[in-house]
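Across the two complexes that follow, chain A remains constant while its partner is chain B and subsequently chain C.
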Partner chain A sequence: MTKTMGKKMFERPTITRLTPGMPSKHGVGIAVASIQFIDGLKIDDLIEKYGSPLYIFSETVIRKNVEDLKRAFTVRYPKIQIAWSYKTNYLDAICRIFHQEGSWAEVVSGFEYEKAIRNGINGEHIIFNGPGKTEAELLKAAKDGAYIHIDHFDELFLLAKVCQVYDVTARVSIRVNMDVGIYPKWDRFGFNFENGEAWDAINRIMANPQLKLMGLHTHIGTYIMTTDAYRIAAAKLSELAASVAQKFNHYIAYIDMGGGFASRNTLRGAYLSGEDTTPSFDDYADAITSAVINSQIKPDKLPTIILETGRALIDDAGSIAGTVIANKRLTDGRRALIVDVGVNLLFTSFWYDHKINPTQTHSGLVEETVIYGPLCMNIDVIRPSLMFPPLKVGDHFVISRTGAYNNTQWLQFITTRPNVILIDTNRQTHIIRKAENIDNLVQNEEIPPHLVK
Partner chain B sequence: MRLINDLDTILKGFVRSYSQIFFSSNQYFAILLLIITFIDPSIGIAGLVSALVAVLTSYLIKLDRETIAMGMYGFNALLVGFGLGFYYDVSITLLLLAAIAGFFTLLVNITFQGILGKYYLPYLSLPFVLSIWLVLSATWQLTSTDINQSSVYLLNRIFEVGGFKFIAIHDWWLKHVSSNFVNGYFISLGSIFFQFNVLAGVLVAIALLVYSRIAFSLSVIGYSVAYFAYLVFGLDLTNLGYSYIGFNFILSAIAIGGYFYIPSKSSYFWTIAVTPIIALVATGLVVIFKTLGIPILSLPFNIVVLMFIYSMRFRLSVSGLREVVVQEGKPELNLYSYQSFAKRFPNYGWIRIRLPFYGVWTVNQGHHGNYTHKGEWAHAWDFIVLDSDGKQFKGDGHLQTDYYCYGKNVIAPADGEVVEVEDGIDDNPIGEINISKNWGNTVIIKHTVELYSKVSHLRKGSITVKVGDKLKFGTKIGEVGNSGRSAYPHLHFQIQSNEYIGSKTLKYPLSSYIVNNSELKTFDYPAVNQHVSNIEPNSLLKALMNLKPGQVINWEVEQQNIIEKINWEVGITYLNKLFIKCTKTNSKAYFELDDVYFYFTHFEGNKKSLLYKFYLAAYRIPLTYFEGIEASDSIPVNKTFSGLILYLHDFIAPFVQILHTDYNVKVIRIGSDFDIKGFKFITTIKGNYFNKTHWEEKFEMKMNASRHVEFIHQQNKTKAKCEI
Partner chain C sequence: MKVNQSIAISENGFVFNPVTGDSFTLNNTGMQIIAMLKSGKTIEQIKEALLSEYDLDALVLERYLQDFITDLKRNYLLLEE
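Right after this comes the complex of A and B.
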């Protein structure tokens, strides 16, 4: 009321394609809703309090996601364990929410391993993946009783040597790659299933009394949109497990299906929106559990299914709110918007057509727009093309589903990184990573004496 | 070794012949009775010879050794021998007669065993009655036997037994105990052994009391009721003619009140109710048999008890009076075992039906629910899946797929055969119901005769089984849908007694499930709003506790720095009962396993043995694990209490239970989820009465994955190790 009663809202003039009447092959007219609140808190208020740009995480959504994933599996299969994929988001506060929900830690480096230990996870709840483990890391992991997922023969030999020299035993699993009928075929990690490499590795492990084969691991790829791939992967791993049982009378404790469940973001170049095409947790669960249950594994020896789901658990719990810096008209007539969120903060904009919404209401008119970040670098494009309402300088917007990878793959490039806040389940806000300042960034730099003035 | 075994069987069979007269196989009781019979040496020796001949013969012709050792082939012959000894004085002829009679009685015995055994009836002392009639009638013709007159010259007899001291006691008794009622009781007891005097009666009464409080109190009750019944008839039980038959009431009372039936209010009631009938039968028989000139002996007892047991078998529903199934040979044992069994295994042998799904579901409507589980369909469950906010759907809940339970697998709740499948009924849009096909898509599985389970409202086209399929528990049969009278997706589950869709429900408990992730339930009914899930057996616990017949367990027991080696063997009886036997003490602990627990069911033998301690410590061990799991039980008081308090308790035990032994075990897992190193069990046993704990025992047991067991009894400073 106050708005209509007071000064009329100004919106700068736009040029827009007219799509009257029935939906045509170009689709229906596009409406861009505004998103004003996250968990009931006004985004504009949060920006005012914590600055712009601002990472916002919802604890409620994280816990809900874990619950959904667990439910989808436990109603189908008796033994499930989630291991939080540290590389997806290793902010301590985020990890601890997952750990509180019963998740283990899935780490791929000594650094992440340390982080997990610092977050109160003991070695017996850490899955240590990755192709680049050092001798010292392997020794520590073996001593801690972590599950070391061996990636290649050289790692297997190294670990065997470590165990021999230090007289320790290690809990191991092998990562298996395989053809599950999708492209690209990931074969750079682990031992191949089809050519017998995986079976070879298993035989070598079983022959070594210091290596205890605990499970089998696969990670068929990332952002897998077809559940059938998981069905095939689970069936192949189960086949291996059954072979191990048959030959060695050894029953592995778990089958680790890795990650790769898609979030509802839309991939660059995808025709349909991710919201419509992404399989649900139930779909994935059905494919995986039915493959394991239907396998040759004896019903009373069913292994635990471990899920390293990262993206699908955290993506929609995170958002980035930002501010419009400038408006521009490009030479081809398209409008360009320069905002304070660049690819340094939104690394995933290289893969996704992120969903961006203004935080204020608007008249409903949209115009084709390019959204650029603030970096002085040609690659800094957030959205090359989208239909977007005309925002003014200083207006706020929010980019949704940015929880995965952006806080680990972000770039300390050109500028510092802003505050990260968490809205807890009582709608209280907490800074979980303070905005950087120059001192943080230069503290490790050293100046040779001859350069000190 | 073989010879020792043989001698053992024969000796046991002979000695127990004495106690079998009171239905007991207790050897101490038997020896006491044996001594008492020698108050009159003629009776004593004749009985002994008769019984010995019968037992030896039964051994020679290779009858069942267990039965021989129980004294079952000796006691009738023993009674016949008593009879002979009563009528004739000691002589070679008498002993020869006794031997012949012993053999003859055995044949009669086997014949009755065969005839009555077909009806699962005991032969009691019928062989004795028949044998002695024939033997006595025959001996009337013999001339080479002298009549035993000892019962006439009572004082001489007493003097022979105990000198002046006993004479003094006898005088004191005559002076002070003039009650016909009391003396009649003792004479009746003595007359069971053909000793018609108070002294023998008193000794038998003491032996009976020491052996069993329940049997003793029943003997008093039986006698008293009979005494008053005779008064009402206008007769006097203590008259000489009747004191020959007084023991009929005593034996009947013990048989009905405490031996063939579990001692209880009901058994005592029936004892009292039956006694006047025996009086009637006895009086009638006396008249009839007078003409034949033979005594009726224990005929009234035999006739009435047999008819009673037989008649009671025709009851259509058994409540109150319960027949003893596994005869332990003593009223107290039968009672305490039954009390424990009835409490621990009220559903023994029931078909194990579990929840028809995986994971945690919520009971939306239980038995006698608010919505549709009413009347003939009251005993059904509706299950849904809830999130942590208590919502059953995501989003708006306008679509079937919004509901968490929709499309989830439904599994066979127990092994069985599919007998009915209905599919093809559309799933309703949310909020609408289909009244014409109200059960919707349905599967009915037959688990056994008159036991079927039914799941309804399944998703159209999701049913993966067909009629005739044999299913195992856990097989997927379909998916939750919204067909039939279902306004929103849910799983309807019911047990029924026939195979038709729409049949009324049957109240039948689910064998095992977990409530709210924290509480283990067995044979219970999930209630509305409970979050329930199936149990997941722990394979290590199961492997550790699954002791197999033939397995030998070698313990190394350390007590006060002395190390002792003890061997156990796992065995199995011909009734498929598993037991652990301690080869040193010959103690046995019987155990059972189901998919939820390992239980000890019975212990016999030495209470100082390690096996007894293990029996206490592992009385009930869960075979599933979740954090904080514990199990509780109560151990029969006769296995845990002793001394005067238990003796006193025996008197009232058929009516009230004051002593309680409470068992609790806490299970702690050692190691991580995937690498379980083992389990630790902390057992606490408390002896309680009058709401106070009077003693406590604590045990600690560690079992690790490499099958090493460590067993610690703190109070005794005992530490034992073994490998299983």
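Right after this comes the complex of A and C.
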């Protein structure tokens, strides 16, 4: 909205009932600051130029996050490799920033594998995870020299067959699941450590000359808030590695600790803010590296530690800016704000209490507000309850820490998806994914002849 | 419409209704509107005053003023004459 010279900005009038003595679930001292800039660029200007809603990524923040993670590990351990988790965000421009920073690609499907190749990564720098690899995908990965992380016995047998039939060798690891003292225990992926399944798989791999055991992999879960779980997982994998060395005189090249580091978002239902409770990269690094160093693995045979950290590297580099469509009052007196960002664009609002700030200054008074998206669906709730200033129709806001999973798990549902832009390290903006239109979306549809007219 | 005469309004936007025991806070715009209502201004006069002071169009003002008046009535701060 343009501002007429000499006139004051209008904040819509509010009156808020005070309930003394009643502890609010939002605690005391609620202040909602305005966020006007991202990397020095005015959010309102970006919306004017690229439309609303708008995904905004900061290249500066991505590069800084990678640097911070690397530093946390390299000061404690000699060999570290990051593999960018494609499923967290596989927009090509984003992946290429990680690859420029030296990250390999960690993929979980043939589609993601192909994306990594197109992004200039050769097979020898691809980690191929996931429980659903096809025969053709396994053959290609084996030929390319990718690290195939075997998930289950049927895949192990299938890969052995592929190697025999096509006379190729494959570089493999096994994914190991284990009890690390947290709930839920992830035993769906990989071979179990405690019941000896992992050993059984290793024995079969070592007995097959066409399968080269390169490493051991675990992924203990997601959004792990306790570093002790990583300490236990690293200790168990190291124990397995030391036993393999003892039995087969074979030294594995790497231990892959998977992902799962938490970002600073606040989980739905969490009492304390994620900003206060999330462990730092240093905390995770200390737990993992000390467990490997203190294990029975010989010091001159220490394996590379591979990290598949996704969320913690990209979440705070992404934001979504949007616009208020309408104000409503619900029957219980609460305010409702309808905005143009729905759960179709912000899938993570099912998990997080996302941080939302207006892009303009306000008087400081806030009222309890529900924020709904624009979809004609009951599930479209961005925040069920928060203290928020009285925004008007047309006002802008920005939702922070939306970089992970929202550009991969987004839904093409009810409407099209908007522009995604990147602010580079020189503060130049680039569209990295154009807004969709109806032609993009119907191009794969076909109409049977009897329905043409 | 007139402001319930028994309520106390402080200069910084604190409102107390001694009949119900409820207290409220107003933001600056809310305070301004209540002050004008108390001084006996009509809704039309209030609209005029706000339009000349703030950067907004009549439709937006109409929308939010109506909202605010409903809120005041709901909380027994504004009485029908």
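We take it that the second predicted complex is superposed on the first by the 434 of 453 C-alpha atoms of A that agree within 3 Å, B and C clash if a C-alpha of one lies under 4 Å from a C-alpha of the other, contacts with A are read in each partner's own complex, and residues count from 1 in each chain.
Here is the rule we go by: contacts are C-beta pairs under 8 Å (C-beta built on N, C-alpha and C of every residue); 3 or more make two chains touch, one makes a residue touch a chain.
A quick note: this is a predicted structure, and the numbers were derived from the prediction, not measured.
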Open item on the list: By the touch definition at the top of the document, which applies to A:145: first (chain B), second (chain C), both, or neither?
Closed with: first
Open item on the list: Let me test your reading of the model: by the given contact rule, A:114 touches which partner, first (chain B), second (chain C), both or neither?
Closed with: neither
TODO: Mind working out whether A:78 is in touch with chain B, chain C, both or neither, as first, second, both or neither?
DONE: first
Open item on the list: Going by the contact rule set out at the top, does A:10 touch chain B (first), chain C (second), both, or neither?
Closed with: second
- [ ] Answer with first, second, both or neither: which of chain B and chain C does A:363 touch in the superposed model?
- [x] second
TODO: With the two complexes superposed on chain A, say which partner A:45 touches: chain B (first), chain C (second), both, or neither.
DONE: neither
TODO: Classify the contacts of A:329 with the two partner chains as first (chain B alone), second (chain C alone), both, or neither.
DONE: second
Open item on the list: List the residues on chain B that touch chain A in their complex, please.
Closed with: 357-361, 385, 387-388, 394, 404-405, 407-409, 474, 476, 534, 536-537, 539, 672-675
Open item on the list: Help me check something: in the complex, which residues belonging to chain A touch chain C?
Closed with: 3-4, 7-18, 20, 327, 329, 333, 363, 365, 390, 392-393
Task: Contact footprint of chain B on chain A as seen in their complex - done: 63-64, 67-68, 71, 74-79, 81, 124-125, 145, 147, 171, 212, 214-215, 253-254, 282, 293, 299-301, 304
Open item on the list: Which residues of chain C touch chain A once you look at their complex with the stated criterion?
Closed with: 15, 22-30, 32-33, 50, 53-56, 60-61, 63-65, 67-68, 70-72, 74-75, 77
